[in-house]
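What follows is a group of structures, each given as structure tokens.
Two complexes are shown next, each including chain A; its partner changes from chain B in the first to chain C in the second.
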Partner chain A sequence: MSFEIFLQAIVGGLANAALYALIAVGLTLVFGVMRIINFAHGEFLMIAMYAGYFAWSLLGIDPIVAIALVTPVLMVLGALLYSSVMRFALRVPEINQMAATLGLSLLLQHLALVAFTGDNMLVTQARAIAGVELGPVVVQVNQLIACGISIVLLGALYVVLQRTDFGLIMRAVAQSRDGAALSGIDVTGVYKWAVAVGIGTLGVAGPLLVSLLYVNPHVGALFTLKAFVIVILGGLGSFTGALVGALVVGLAESIAGAWFSASIAAAVPFVILILILLTRPEGLMNRSVRA
Partner chain B sequence: MSNFRTATIVAGVLLVAFAAVSGDRYFMDIFIFTCFYGTLAVCWNMMAGLTGLMSLGHALFVGIGAYSVAWGLSVHGWSPLVTWPLGVGLAVAAAAAIGMLCFRYGLRGYFFAIATLAFGEVAFFTVSATEALGRSDGMIMPISAEDIPGQLQFFEKWPYALIIMTILIGTIAIGEALMKSRTGYYWRALRDNEQAAEALGVNARAFKLRCFMLSAGISALCGAFYANYVAFVDPRSVLGVELSIQMLVYSIVGGMSLLWGPLIGAAVLVPFSILLRDYSAIPGSDIVVYAVLLAVLALVLPQGIAGWFVARWQRRRLARRASRTAEVVS
Partner chain C sequence: MSALRLKNVCTGYGPIDVVRGIDLDIAPGQRVALVGSNGAGKSTLVRAINGLLPLREGRLEWGGESISSSSAPQRTRAGIATVPEGRLLFPECTVLENLIAAATYGEPKAHRTQSLETVFELFPRLHERSKQTVGTLSGGEQQMVAIGRALMTRPRLLILDEPSIGLAPKVVAEIFDVLGRLAKSGFSLLLVEQNVQLSLRSTDFAYVLRQGQIVFSGESSALLDHPEVRRAYLGD
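Moving on to the complex of A and B:
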């Protein structure tokens, strides 16, 4: 493998990593606050991708503009997810939580199959084939845009979580639900907002992703698994962990893709996950939460 | 016989069902698949419901069994007498290796589930890329025009039904015997409170490993049966996450606290989804129905259908006894 291809793989991996981080942060936020893993996370991304696609194909809206429309829709869907499934899931054992969100994921996949058929759809604009040369490597314009917007949004989320009262309240609930409730925090309200924001981030990722990657009803499952790998890598519930995890997965995937066949490259994130689970199950960034 | 009451009842019900469907190939097929998924769900639940280990990678073991048979037959012409033990042996060894790693590092709950999911996915992608195993296209096993009992090739479906029934009844009998043994009590103790059980001297790692290996072995047996029955294996049908999730679906719907609960789940859902798939005008409606059932039952009826009936029955019996006592007293 020549050095240019290696560099190209690294740049491609970094660009993917930013989007991956955006997707994984939503999952880790919901888990951090509610202690529920949402197996239907990827399906909401799939919905956002379809929304971005149809905004473009039916209304002629550029995916970048569509973000402003899709994000509020996804936030509402997140709030609905809380009041229809998550609220009840708090009361049942872990395995039932898993089953409930798995059921939701299957349901959304097949509803999408009925509504949108199984065809692959992609936003194809003039700039989709344009590239920017950065020294020896070429980056797609769309990839650059997606990467840039993701980084801006991740930065904004970080500031909200670390510097505002809203973020403080959310972190308080994540640390101790009872303690937060005793201090007069409306815990159920926080839950609803956490899910709304967690799913809402997908409203940004979806339209960006659909100009890079085909959408079909089963695309979500792939991203759910990837998001799992990322958040466990970084430590479940940790924001910076998700960033680190996304970086590792994005780079590993694209470097492996340059070296091996596509199937082997697809297995690479899982191999990393197994190694991490066996050596540091609490994740790279968390300090021992071994239950 | 009282030691195997459940196994006897299950055997009786199966024989009646077998007789009822014996005239019709289509219903026989449904019966066979119900037993197949039922066995898988029961052995999955021995881990999840009775020992507290949720695995989302059980398809890996089914796949090992199925691919051992398919590869052994189409490449070497080996008989099932060789390939079945080979598949089960490999699966038990794989479970031992994965289990030792996971339990050594104390993975539990979600973490164990996702670790097993990852192992399953690695196997899925690896097989999809392996030339000798037919890549993602799968392997078609050679079939001849005449029956070859030695290769488990029959034109009629009833011999297959008898085989899978035997496996199912055997699984229930083993499970029942174990539940009444020290091992079974240890398993339930580990499920309810691992730290307390360990403090009382239960070797958690060894007993969890034993459960994992047993469950994997039975899964591989089912996988081997599947390969011989369908005569075609591909990564999606025997190694995919979907298969692992199916085991969870039947267990949740049926009831995880009982050995035979998952069997009820499979008996309700498998025929239902096959019929819906074949006769409904809307494609995919079977999955929509069972996805809704899964989500709703998981939240509303956490103990499952069988669990709910058993709880109700026990409550009634207690109430009757209480009223009888009240009569005697007055």
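Moving on to the complex of A and C:
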């Protein structure tokens, strides 16, 4: 592999990592606050991708503009997810929680199949084939936009979690549910907001992703697994862990793709998952930062 | 009129009723002790009062109104603050964040600042360590944060569950000195302690819990001289 190709792989990997991080923080935020892994996370990304696609194909709205419409819709869907499934899941054992969110994942996939068929759909704008030259490296414009918006949103989320009362009460609930209740914090309200924000981040990621990748009813499952690997790698419930995990997975995938093949690259996150579970199951950032 | 009144309260875990038939009154400004040996049901009763554990039977009144079905945050906001056993702090947050977290629910900023000043006046060490992560503090300092956090909710009743457990005698003396000063400021106090002597000396009235039921109640000074209480809890 030449140095130029290696550099190209690094830059591509970094760009993917930003988007992966944006997808994974929603999963880790919900887990950090509620201690429930939402296996239907990717299906909400799929819904956001379809929303971005149809906003463009039916209404002619640019996916970047569509973010402003799709994000509030996804936040409402997150609040509905809490009210309809997750608040009940809190009262049952973990295995039942997993089964409930996995069941929801399959339900949403099949509803999407009925509603949208199994066809692949992609936003194809003129800029989709445009690239920006950065020395010996060329980056797709859409990839650059997705990376930039993801980094801005991740930064904003970090500031909200670290510097605002809203972020403080989320961190408080994540660290001690009973302690928060005894501090007068409306814990169930915080849960609802955590799921709304966690799913809401996908309202940003979906329209960005559908300019880079085909959407079909099964696309979410792949991203659920990838986000799961990232949050396990970084440490479940850890915001900064999700960033580190996304960086590792994005770079490893991209370098493996350049070095070997796309098939090997697809397997890389799961090799990482097995290695991390065997050697450091608490994750790289074992401190449960949740911010 | 009582500030807090428990009528025939029963609660527990799973199939077990841990406490039953509990009648308890705390008047405004009164300092009340709840004593009993390990496993008597003291902490379970505290959880029933602060709302972390639902009642199975009976009624809980606060200022004459039923709060039996209110949630824990609602009871805290109504003026019942708890310093729980094990403290239940937010270990990765700073001292200041732990305190502020308890005053985020629509309290005017002026109240928050005023409450912070009060807490830092009572525990100057917390002011010095306000930027320090709570998980890195000593046990005594963490207990001060727990008491401070409860005070940030501007309570009318402060419940302390085992505040002396695991602490050095000097720290216990420091904390009880603060509790004494707090009691003079007018709010009610429910002190739950295994250290019977300490709790009876720090309160006006006491209830003795044994196997989930109240077996004695009376003025703390009288219970200190009660032969059965002395034999069972004071090693006579």
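Annotations
Please note the rule applied: the second predicted complex is superposed on the first by the 286 of 291 C-alpha atoms of A that agree within 3 Å, B and C clash if a C-alpha of one lies under 4 Å from a C-alpha of the other, contacts with A are read in each partner's own complex, and residues count from 1 in each chain.
The criterion applied here is as follows: contacts are C-beta pairs under 8 Å (C-beta built on N, C-alpha and C of every residue); 3 or more make two chains touch, one makes a residue touch a chain.
The shown structure was predicted, so the numbers you read here are calculated from the model rather than taken from an experiment.
For the composite obtained by superposing both complexes on chain A, the positions of chain B and chain C are free of clash and fit together.
Contacts of A:85 after superposition on the shared chain: chain B is touched, whereas chain C is not.
Angle at chain A between chain B and chain C, computed from CA centres in the superposed arrangement: 90 degrees, to the nearest 10. Of the two partners chain B and chain C, more chain A residues are in touch with B.
In the superposition on chain A, A:169 makes contact with chain C only, while chain B stays out of contact range.
Of the two partner chains, chain B is the only one that A:274 touches; chain C does not reach it.
Contacts of A:114 after superposition: chain B is touched, whereas chain C is not reached.
Contacts of A:180 after superposition: chain C is touched, whereas chain B is not reached. For the pair chain B and chain C, the minimum alpha-carbon spacing after aligning on chain A is 15 Å.
In the three-chain superposition model, chain A touches both chain B and chain C at residues 290. Residues 37, 85, 88-89, 91-107, 109-111, 113-114, 221, 225, 228-229, 232, 236, 261, 263-264, 266-267, 270-271, 273-274, 277-279, 281, 290-291 of chain A are the ones touching chain B in the complex. Considering their complex, residues 48, 54, 101-102, 104-111, 113-115, 117-119, 121-122, 124-126, 128-129, 135-136, 241, 245, 248-249, 252, 256, 282-284, 287-288, 290-296, 298-300, 302 of chain B touch chain A. For chain C in complex with chain A, the residues that touch the partner chain are 50-52, 71-73, 76-77, 81-82, 84, 87-93, 97-98, 100-102, 104-105, 149-150, 152-153. Per the touch definition, chain A reaches chain C in the complex via residues 165, 168-169, 171-172, 175-176, 178-187, 287-290.
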